[in-house]
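Multiple structures are listed underneath, in structure tokens.
In what comes next, subunit A is part of two complexes: it sits with subunit B in the first one and with subunit C in the second one.
Our next item is the complex of A and B:
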């Protein structure tokens, strides 16, 4: 979920920008290091940013009547690792702001933090944990992506609640309010995206395990359904 | 993508991106700095007028674009207007939880300010997005010392977006004409296959790109020429004046 242009007050916009900056810098450093070993990875990361953008422009089939778009954060984190996702998310969010009027320039920092830092981190940790305790890959992916989406939406709600605390109830009441309002669209979205990612991975794992291995993925070769 | 379409074909396409970027930056700062709804409204009107009258973006398209962020704006403003912990007017109780929902006048004042501020910022964003193509915006970012790697990735991504959108559209049409989206279950399966295929196409494309670059002497740095724009001191001064006065107005008008 993106915070629209101009919705956050100036101080919040600046602070979230400053918080996201080191993650983007770290991500760029990790990409640079990988590209030095394997130059063709630069193209892959650039092209994957475009892929994520296009994926996020697709309409998801409705689960409860609300129409939503996938974020691609969970998938990206599992494909590239959480670090590389911060710069990729920055590019995708910038394109979304300038080409689709989705999100904005002043809220870029806040949106990068929720979609490029928190979401991917949650997805990646859950995915690794699932692999560690040998859960079926499909289940692991579904849980990782769904919870990544939910954590992104909760982060956004926290950002909004911090910026606009309830006059009486303060931060907690505001958080309940924003999380409650956006839950209507975000919870179906998270479940849809989790399902979609599992389906997508099944197809990929079945037909093109080689391409996935290029990314250094800790995936089971037998496919996600196993 | 309506925004991109107009970015390449508007009256101010050939103005130097620095001037347009400067004005946008100042207008964005003014929108966020505004403490009175009136100041934000002035920023909105000025930026919208510049876009529609100055850059000749058709009013109908502009209004349609303004509706894009409406969903978030309404939901966000609802969050400001309503309160669960008490307020001036009791609106009712939530059916499942029995929580009381109140409307508060303090929330109303805040909501009006936030809404006008957001609309002003959207007008500023649209001014840049509708007059300046992405390639020029990337050039602007280079002047702002954004790391070269990030810019290279942006250029790579921007060039592929339109190809992938086309591929996705064709795949979707092919699937839909075979009843691929007839039921919810089918839709999920189709979309999964579409995404996986798109990823494979993207992966292949990245390898082709790399090979074609290597065969042309690629040494791990992408370089490209940027268009030269005639520097106009008059325009630069105008952009500073308009943007600066908006910022001063926003800072001076009391809440």
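Our next item is the complex of A and C:
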């Protein structure tokens, strides 16, 4: 999902930067507010960020014969709301842009938008919806995070197709090409991310039930079997 | 299903998802004079190739601040990134566990 340095025309880079900036600012504000109300949540913000650090560092193979990485932003979005992960994604993407030549400063806005805005938003909304219709929590979390991961890569495909439409087929043909690379490879990885997120959430439910309760995620202790 | 079992099964599923492609995807036979197709390259790089094909005249207008001088250094930095994250998660659960243990210990001593 990393659009490489210089690989978005300047006006695209500017627009995506302008779109992402408010999300990062609001995200910082929302984290600060939550932590001020309940200082013990600070460590859990750290765990969400740490999970993103780990998962986005792992390049995993897929049956398509290429490698890509999960994003890890779904968990934090479910715990802290859809905005909280925009600043976290920004930190990870900055690290990779500055030291690893993965992504870039000119494409930071676009990459933050796919990984830190769209993905978390999808995770949050699907998770809320699943709770609303009373699906089992584990299943809801898995579906929400898996689809969130995929949505990040679809967003990248859309961003690239907008910038580089196919000379013959236009936007749609270009989107098919980019999504063919990103989305197919991502399917098994997204499933892995969904499973790992549910796993971490189960461990959190065991050790940090109080914090989850503070975040409005009361746990049906042994009742939420899936 | 017990939560430990569920967690174990999920971990197993992830391992299968990751190892299955490694075992099954094989490089196509290379005809003499043709270049071998590299397997398990990054999707980001493949997207770059598509960009070059769709817009051959496009000139990237910025270059990375710093490129890792070799694959080894790149893997060093990725390992560092993962280690920072995993280290913090391990620390967190260590603290939680110990706190719960101490609370249980003082609770029982009070009761005694």
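Basically, the second predicted complex is superposed on the first by the 173 of 226 C-alpha atoms of A that agree within 3 Å, B and C clash if a C-alpha of one lies under 4 Å from a C-alpha of the other, contacts with A are read in each partner's own complex, and residues count from 1 in each chain.
In this section, a contact is a pair of C-beta atoms (placed from the backbone, for glycine too) under 8 Å apart; a residue touches a chain by one contact, two chains touch by 3 or more.
What you see is a predicted model; the values in this text were computed from it and never measured.
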item	value
Contacts of A:188 with subunit B and subunit C, given as first, second, both or neither	second
Contacts of A:4 with subunit B and subunit C, given as first, second, both or neither	both
Shared subunit A surface residues [contacts with subunit B and with subunit C]	2-7, 9-10, 43, 46-47, 49-51, 53-55, 57-58, 60-63, 92, 95, 97-102, 104-106, 160, 164, 166-167, 174, 177-178, 181-182, 192, 195-196, 198-200, 202-203, 207-208
Contact set on subunit A toward subunit C in their complex	1-7, 9-10, 43, 46-47, 49-68, 92, 95-102, 104-106, 138, 156, 160, 164-167, 174, 177-178, 181-182, 185-186, 188-189, 191-192, 195-196, 198-200, 202-203, 206-208, 225-226
Residue ranges of subunit A touching subunit B (in the complex, touch as defined)	2-7, 9-10, 13, 24-25, 28, 31-32, 35, 39-40, 42-51, 53-55, 57-58, 60-63, 87-88, 90-92, 94-95, 97-102, 104-106, 160, 164, 166-169, 173-174, 176-178, 181-182, 192, 195-196, 198-204, 207-208, 211, 214
In the complex with subunit A, residue positions of subunit C that touch it	1, 3, 6-7, 10-11, 13-14, 17-18, 20-22, 24-25, 39-44, 46-48, 50-51, 54-55, 58, 60-68, 74, 77-79, 81-82, 84-89, 92-93, 95-97, 100
Interfacial residue positions of subunit B with respect to subunit A in the complex	1, 3-4, 28-29, 31-33, 65, 68-69, 72-73, 75-76, 78-80, 82-87, 104, 106-107, 110, 114, 117-122, 124-126, 128-129, 134, 137, 147, 149-150, 152-161, 164-165, 168, 172, 181, 184, 187-189, 191-200, 202-203, 205-207, 209-210, 213, 220
